[in-house]
Every structure is written in structure tokens, then in C-alpha cells.
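Before anything else, here is the set of structures, which you'll find just below.
Common to both upcoming complexes is chain A, partnered first by chain B, then by chain C.
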Partner chain A sequence: MPMLDIKNLTLEMHSSEGTIKALDKVNLSVSSGEIRALVGESGSGKSLIVAAICGALPTEWTLTADRMSWNGDNLLGMSAQQRREVMRREIAVVFQNPQASLDPSATLGEQLEESIPSEFVQGNWFWQRAQHRKKIAISTVHKVGIKHHKHYLSAYPHQIPADIGQKFMIAMALVSQPTLLIADDPTRGMEPTTKTQILKLFTRLNQTRSLSILFVSHDLLAIASMSHTMTVLYAGQTVESGRMKHIKKRPLHPYTKALLDSAPSFRKDLPPKSHLPTIAGSIPTLQHLPIGCRLGPRCPRAQRACVQTPVVRKIHDHSYSCHFPLHMEKL
Partner chain B sequence: MIRILARYSILFVLTLLVLAVMSFSLAYLFPGDVLANLTGIVPANDEQRAALEKQFRLDRSYLVQFFYYMGDLFSGEWGYSFTSGIPLREEIGIAMPATIELATYSMLMALVIGIPLGYYAGMRCYSSSDYIINTTSITTYSFPVFWFALLLILVFSLQLDKAPLSGRISLLFDVEPVSGFILIDILLSDLENKRLAFKDAMSHLTLPTIAIGAISTASIVRITRRSVIDAKNQPYIAAAMSRGLSGGQIFFRHILRNALLPILPLMAIQITTLITNTMIVETLFSWPGIGNWLIQAIYQRDYPALRVGMLAVSSLVIMLTITVDMFNRLIDPSREKYEHAAI
Partner chain C sequence: MTDVMHVKQLTFLHNEKKRWLKRPEVFKLGPIELTVKRGETVAIIGENRSGKSLLAKLLVGAVRADEGEIEINEHKYLAKYKSKDGQRKRTHDIRMILQHSSETMNPSVPVGRILDEPLRLNTQLDASERKEVIEDTLVKVGLLREHYYFYRNMLSDGQQQRIALARAIMLKPKVLVADEPFAALDPSIRSQTVNLILALQQELGLAFIFISHNLGIVRHIADKVIVMEKGQIVEEGKTETIFRWPQHTRTKKLVTAYHSLVPQQTIR
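Now for the complex of A and B:
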């Protein structure tokens, strides 16, 4: 049974022009011990899904789901207190923008120390506990690859480079020893060497502590190297999801294929200095979403049936929602 | 740290210099004869005029005159009042603390009532209690201060007879001025009925303090509320919530400080309004402060008094504004980004 199980998650925003479905029947599940990649262009709603899972959405938006459960408990039906406990002990989130997600008026050390759940801290007196807190903070900071802990723990968020900020966000997420880590574009703005370091850290944590990771990114190369399963998102709809190697080998949805084709590292037959294949147009804005399959207007295989939203179809553990999938002639 | 202090002291000195130039040029901007304005004497003949011009150095260039003016200011020779003949320095020394006292109590009232109310309204924004607080504060803020003070006099002094109409303390009590602050002076004095004197001074203080404080309170409530709402909507609060911190932790560790930081410079701007309001209310309550004193000087065309009084009041305002801004600069870590001081 998956740990995090989301079925038909719909997020409606109310505006003067009526309601907009920013997320439309999104399905997502993360099993214990797996790294699940969530892929999509900017504006496809990846960060909204993350915010929906951790309950950080503005209250004026309506969130409905057929099922949104964490280890069998319904996340939407929980009280604020229970939800908080889950977020404190079991789920940890690394947000996209470290500079904005860190309190500008507190040092990084203070912010890291307050994220340590109190049961990890030993000692009876407050000074012993403060000392132990500090020790935990330093060891966590080392773990994510920050060497000068003395300097950075007493620094303010505006004094540090962006990649250190991102590492701190990861450290703050890991310090509560969660079972699921949601990483929203954790390697953005990092150099390749630091990026590799972080990805290695994630892989190691996944293998040694069986930490499940929901890895949100558009860095296909990083995803392909470390994740086990993948969910592709387009304009708030889940397009395809399944095991990484199946999707890579034979994508069923035209969008997934276009996405994989557009990454040069997956193409060995690409002649030098040639254009990368793309699909025409760009991702629609929330105000002008097409009806039915949202890829419709851009899809090379679109036909009349595409004005109706395709139902999710499944072949083993590979699910897709398309009326005219690729490679089906062979199957 | 030293660079910040140096920068603010330079700013302070330069602003004071500009003020001194303006105060100096006032003698030439007042209507009438410059000599008569400065000395209060209309010279009878040309010899006396020449002698006076030599004494007040009006025969020298403006730059030399300004130089001597600055010298006089620093050595404490601020001239004499036409009307009382007392050195202006003594008169201001008595009137200024009375104004500062009134302004301080009003500011304290505004801080003690305004900030908690603002936090309360901000934390429950768009609820009915927030609407009540906000409506009240907007209404109070719209009152003209002189009208509100008159209303207080009308209701509490004339109708209900609960508070005295004017003055600082009943004439029965003879309090030796030591610090200039009436409440402190009473505590320091050796009157046998200290308690009664204190009570009397308090009853004199209440109405003017409320008249000035209500308007400052209203604006501080509004500033605080806005700042708390802004802080609440920051992404780092959402991030802290998703880390599972409790409501108390989020409020005390993250919202409290971040909401307070933008309030401080706005409070520095409030100081100007506060002093102006104090000077208006003083006149209404016949409070022997600098505002009342300046108005009297205007009535009597006491030009030296006006000149020095204006300099004293503006120096006070500038000093407070720059101090608050510097304090804010020292405690706000994220303002290191901005290289230049801004007033």
C-alpha cells in the first residue's frame, strides 16, 4: 500500500471570471522507500500539489479529493493539530525558493534548531538541551555538505549564497528524520558539483534509511538517474505515471514523448547543431485552459475525441490518460 | 557598527547645519527692520544705530554673522526675550521638558494600547473583532486634534467636572523644577502632601494626554495591523507552518519580530505629527510647553524667541527621528543590503 495516496485531487480557484481548475483530477502516490519524480513544465501545478500536501494553500481556494491519505489516515479530514503533528514528525518539505522561505530576521542556526522535534533532544536542564540541540544542528549541517558550520549557523539568510540556502532548507527538512521528503526543485540554481552532491545525498538517504522522496523538478537528467517512478504533469492534469524505465523506454502519452525528446541527453541519434524537437505553442495560462485534454491544441495526435477529458487507463502499473496513446499498435 | 554610527552622525550634523542656516536667515525674512527685529530697540539716531550694528555685527558680511551666530548658540547665549527679559535659554529650558513630558506619555499610551491591539487585529484579520478595531481606529484617526481636545474639555471639564480645565498642576502646590518633568519633580520634592500633588498633576495630565494619544494610537494600530498581515502572508511563514511548528512558535519566533521591524521607521514619522499635535493641544489646555510659548512669542512679535524656539523644536524632532531610524538600522539585519541612510 502506498504511504501517500492521492486520487482525483482538484483545486479550484475562484476569480471574477468564474472558477478555474488549477489542478484537475491529479493522481499521485508515493510508496514506502521509493523515489517518485514529479515532472512538468513551470506552471503545470507541481508546487501547488506540494502546497496541497503540506496544507499551505490559502483557505479561499477549494481543495477536493476522492482520496488523500497518509499511511491510511485521511489528510483532508484531519484537525489542524493532527496535521501539524504529521508535518512535524513524518513529512518534510524543501521549498523552491530558499531565500523567501527563510525568516530574514533570524539566524540560520536558530531556524534549524527550532525544527528539531523535542524528543530528539537529550538533557534535563535547558542549557544541556540547548547544547545538544546545537550538536544536532551542526551534525545535520555537515551531513548536507556545508563545511563552515560556525560561519553559516550564525549568518542571516541574506548573507548566504543561494545554494547554501537550499542546503539549509534540506538540512531543516532532514533534521526531524521524516519518512517522506518532498523536495520542490531542490537543486535549482546550483552548480553541477553541488547538485551531484545533493542528489547523492538523497540517494544515500533513500537506500540507508529507506526515506521516500517525492522529487519535484524539471531536471530530467537528475530524475532519470535517481528516481524509481515518475509522474508527468501537464497544465494541472496528470498525463502519465509509471516506472521510470518503462516510461523512458516507451512513453505512451504524446506529451511525455515530447518532453523526453526535448532533453538532449536522452537522444543519442541527434545530429550536431540540429534543432531540438519541440511541440508548437506554450503551456496555457490558467485563465485560458482548453476543455477536455489540456494538451489538445498542441498535441500532434489530437482528434475530435480529445475535447473530452480522457479517463485514466492502466497497463500493469503504468497509467496514462490519452485517447490516442503511442505504441499501442504493438501491444 | 562604527560606520553606521558615523553615517548617522554626519546626517545629523548636516541636517542641524541646514536648520541653523534657516534659523539665522529668519532674522532677515521677518518683516521690518533687521536691527529692530533682533534687538527690540528702535534706534533714536544714526549714532545709536551704528553702535548697535557694530554690537550685533550687522556691518559685517553674512558669513561672519552666521559664524558668530553659531558661536553664540554653542556657548549658550541664545539672546533675551523681549517680553520677559529672561534669557531665552532658561525659558526654553522650562517649556521644552513640559512638551516632551506630554509627548512621552502620549507616545507611551499609543505604544501600550496601539501595538497589542494592532497585533490582535492583524492576527485575526477580516474577522468581526478586526473590523471593529479597524473602524474605531480610522474614526479616531480622522478626528482633528483641536476639535477632539475641545470635545474632551467640554464633556469632562465643563459638563462632568471630572478634570481641571488648564495648567499643569494646581497653584496650591509649589514644585521646584529639577528635571522639568512634573511627575518626577513631585517625587523628588520634599512636599509633605506628595500623594495629593501627584494625584493633582495626574488629573491635569489626563485630558491632554488622551487628546494627543488617541490619534497616535489610532495610526499605530493601523500601521501594526497592516504590518502583521503582511508578515503573515510571507512565504517563510508558510514554510514554518509546513515544518509543523505550533501557532505560538510561529507567532513569537517569526511574526512578532518581522512585523515589528517595518513599524519602527513609520513610528519615527509619527514623532513629527506627535510633536505638532502636542503643540496644538498645549495651547488649548494652557499647558506651559514650547507650543504655547511659541504662540505667545508670535503674538508679541518676539523675533529672537521665535528664531531660537523654532531651532530648538526642529532639533528635537530631527534628533528623535534620526535616533529611531538608527536604532532600527542597528537591529534590522536585512537592512545591511541598503548602503545609504534614508530619512
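Now for the complex of A and C:
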């Protein structure tokens, strides 16, 4: 049974021109011990899904879902108290922009020590507890690959470079030993060596502690190297989801194929300096979403039927929503 | 292929004075020797804070170097220029694209005015000629003539990147320097930009120097790779050579990190 199970999640924003469906019937599930990648370009609603899971969305937007449950408990029906309890201990989130999501008025050390749950701290007297807290903080910081703990733990968020901030956000998320880690673009702007270091850390945690990870990113190289399953999102619609292996070998949705083609590293046969296959046009803005399949205007295989939203179809555990999927002629 | 750019003994020294109980911070870049051929693509890779962006800024003259000479098309420019040297010492032959193209555009000014500025400041063309040049360039980067009247917020990421590119090639440079041009772009837009740059290079014979963390793209479009560490060039060579037989430890680290991400078996 999946730990986090979301079915037909719809998010509507109300504006003067009417309602905009920022998320349209999104399905997503994370089983325990699984690394699920959530792929999509900017504006596809990745971060909105993360915010919806956290319960951090503005209250004037309407969020509806057929099912949104955490270990069988309905997340939408929970009281704020229960919701906070879940978010504090079981789900941890690494937000996108470390500089913006850290408290600017406290040092990193204070913020990290604050997020250590009190039952992890040993000792009877306050000085022993403070010492132990500090020890946990230092070891967590080392674990994510920050070397100069003395310097960085006493620094304020504006004093640190962005990549240290990213690592620090990961440290803060891991310190409460969650069962699900939601990482919202954790490797953005990192150099390759640091990136692999972080990805290795995630893989190790996944294997040793069976930590489930929802990895939100558009870095396909990173995703392909570590995740087990993948969900592809386009303009607020899930277009394809299934096992990484299957999707990589045989994408059924034209958009997934375009995404995979966009990373030249995936293709050994591509001669250098050759023209990369692309999908024309750009991502539609929320105000001008096309009706039906939202890829429609950009899709090379689009036909008249594409003005109707395609239903989700399933082949084993590989689901897709497209009227004219790729590779289907062969089957 | 002829050499379009020579860089000799380019040095930059950042030296914060020693103060009471404060260790002086010293950052030295160079001396750097670099030759770029016509139509060649050079990639600069390296860790954060290894001086990649600084090198790019020094090359275009956005930052004043402490020593060194940059020779573009047989014209020598002192990298240690003075601001009063003024226009006659400037060159149109080297232009730069900055990392966040959207943040480098003035939101309150239409695209036409943004693109007009380099022409107004650097050429003797009158208004109607300038407009013609701008519209031609817009078409060249795959936009419409109407985009002349658009504002920044009306354009998508990819279009903004195209405007940044248009601004860079407006003065018909020989060398284009870009600081992480692909980092902030989404995959599908990124491929479009890569294609556009490749096409422009073929058409105009541009030499293209760029900084990137994305080794997949580096491997795809670069002829030559430069690896930097702590302000020094530690290794340079042909792309294939660097990726197959890295020599320096830093290069080895970067390349193995990249290879560990790439699936070894061929897909399909």
C-alpha cells in the first residue's frame, strides 16, 4: 500500500477572469522505501503539489481531491494540529530556495538545533541536553557534506553561499528522521561533484533507513540515476507515470520523449554539435492554458481528438494520458 | 581556422587588507593564457568559487584586470584598462550573455529600447537604421518583428533568453561569452537554445565561450574544455580527450561524477 496516495488532486485559483485550474486531476503515490521522481518544467505545478502536501497553500485557493491520504489517514480532513504533527515528524520538506526559506534573524546552528525533536536528545540537565543537541547538529551537518561546521553553524543565512544553503536545508530535513522526504529541486545550481554527493546520500538513506523520497526536479540525469519510479507533469496534468526503467526505455507520451531527448547525455549515438530534437513552442502560462490535452498546440502528434482531455490509461503499472501514444502501433 | 582571440598573462588579484584580528582574504586568478579560434566553442568547467565567472567578466572587460593583454582580431586591448580611456578603446567584437536573462532586462522598458541601447551607444546609425537592425536580429534569433514592442513580463523564459542572445549578437561580435546560459532554463527550452546557438555559430562564425555545470551539454557542443580550480586553469584540451582521459585530479572528479550519473548501457 502506498504511503502517500493522491488521486485526482485539483487546485483552482480564482481570479477576476474566472477560475484557473492550476492542477488538473493529478495522481501521485509514493510507496514506502521508494524514490519517486516528479518531473516537470517550471510552471508545471511541481511546487504547488509540494505545497499542497505540506498544507502551505493560501486558503483562498480551492483544493479538492478524491483521495489524499498519508498512511491511510485523510490529509485533507485532518485538524491543523494533527497535520502539523505529521509534517513535523513523518514528512520532511527541502524547499527550493534556501535563502528565502531560512529564518534570516537566527544563525543556522540555532535553526538546526531547534528542529531536532526533543526525544532524540539525551541527558537530564539542560547543559547536557544543550551539548547533545549541538553534537547531533554537527554530525548531521557533516553527513550532508558541509565541512567547516564551526563557521557555518554560527553564520546567518545571508552569509552563506547558495549550495551550502541547499545542503543545510537537507540537513534540517533529515535531522528529525522522517519517513518521507520531499526534496523540491535540491540539486539546482550545484556543480556535478556536489550533486553526486547529495544524490549518493539520498540513495544511501533510502537503502539503509528505507527512507522514501519524493524527488521533485527537472534534472533528468540526476533522476535517472537514482529514482525507481517517475511521474511526469505538464502544465498541471500528469502525463505519464510508471517505473523509471520502462519510461526510459519506451516513453508513451510525446512530452516524456521530448524531455528524455533534451538531455544529450542519454544518447551515445548523438554526434557532437548535431541538432537536438526539440518540441516547438514554450510552456503555456496559467492564464492561457489550452483546453483538452494541454500539450496539444505543441505536440507533433496532435489530432482533432486532442481538444478533449485524454483519460488515464494503464498498462500494468505504467499509466499515461494521451490519445495517440508513441510505440503503440507495435503492440 | 584562424585565431580570433589571444589572451596573454591575464591576472586578477583580490586582496582584502589585513585588519585587526582578521586574516587577509586573497584570491588570485591567473596568469591565464588562452587562444580561441574562429567558430570554436570553448567550455569552462570547474567548482563553484573557482573563478569561472570572474574569468568571463575579465574577458569581456566588465571587471578590470590587474595585468594582461587581450588580443581580438589583431587589436590589442589592455585588460588593465582605465575608465577614462573611453569609447575608442572599446571593442564590439566580444559580447556577453549573463546568467539570469530575465533579471538583466529592465522591466519598465520595451524590448526594442533594451536592444536599442547597445546600438545607440556604440554605433553612428540613425533611428530608422537602428530599428531595422534590431528587427533583423529579432528574426535571426527566432522571434517576431512585433516583439520590438513587448515588455519583459510578456515574454516566456525561452523568449527572454532569445532577447538576451539578440542583445549579445546585435553588434556582430566575433566572440560571445556566456555565464551559465543554460542553467536557469527548462529542458525543452534548453534544447531550443542550444540549437539556436549552434545555428548562429554556423551562420556568423561566432566563437563561443561558455561556463556550464551541465557536462552533458558541454560534451555535446564544446570543441575545447577548460577546467579551473582556485583561479588557475588546471587542464585544457579537446572535449573528447578531457572526457575520456582526464589527467588532473579535479578533472577526474568532475568527469567521474558525470559518468556516475549517466547510464552506462545505451538506451533503446
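In this text, the second predicted complex is superposed on the first by the 331 of 331 C-alpha atoms of A that agree within 3 Å, B and C clash if a C-alpha of one lies under 4 Å from a C-alpha of the other, contacts with A are read in each partner's own complex, and residues count from 1 in each chain.
Just so we're on the same page, a contact is a pair of C-beta atoms (placed from the backbone, for glycine too) under 8 Å apart; a residue touches a chain by one contact, two chains touch by 3 or more.
Predicted model, so just to flag it, every value in this text is computed and none were measured.
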Superposed partners chain B and chain C on chain A - clash or fit: fit
Per-residue contact with chain A, leading partner among chain C and chain B: C
Which of chain B and chain C A:A222 touches, first, second, both or neither: second
Chain B versus chain C as contact partner of A:G72, first or second or both or neither: neither
Contacts of A:M172 with chain B and chain C, given as first, second, both or neither: first
First (chain B), second (chain C), both or neither touched by A:G18: neither
Touched partner set for A:T278, first chain B, second chain C, both or neither: second
Partner chain in contact with A:V86 - chain B first, chain C second, else both or neither: first
Chain B versus chain C as contact partner of A:E114, first or second or both or neither: first
Which of chain B and chain C A:A100 touches, first, second, both or neither: first
Smallest separation in angstrom, by C-alpha atoms, between chain B and chain C in the superposition: 10
On chain A, positions contacted by chain B and by chain C: none
Sites on chain A touched by chain B in the complex: 51, 54-56, 84-89, 92-93, 95, 97, 100-106, 110, 114-115, 156-159, 172-173, 176
Partner chain A, residues of chain C touching it in the complex: 41, 46-49, 156-159, 183, 186-192, 194-195, 198, 213, 215-217, 219-221, 239, 253-254, 257-258, 260-263, 266-268
Residue ranges of chain A in contact with chain C within the complex: 41-42, 161, 163, 189-196, 199, 218, 220-222, 224-225, 248-249, 258-259, 261-270, 272-273, 275-279, 282-283, 285
Chain B residues within the chain A interface of the complex: 234-236, 238-246, 249, 253-254, 257-258, 261, 332-334, 336-337
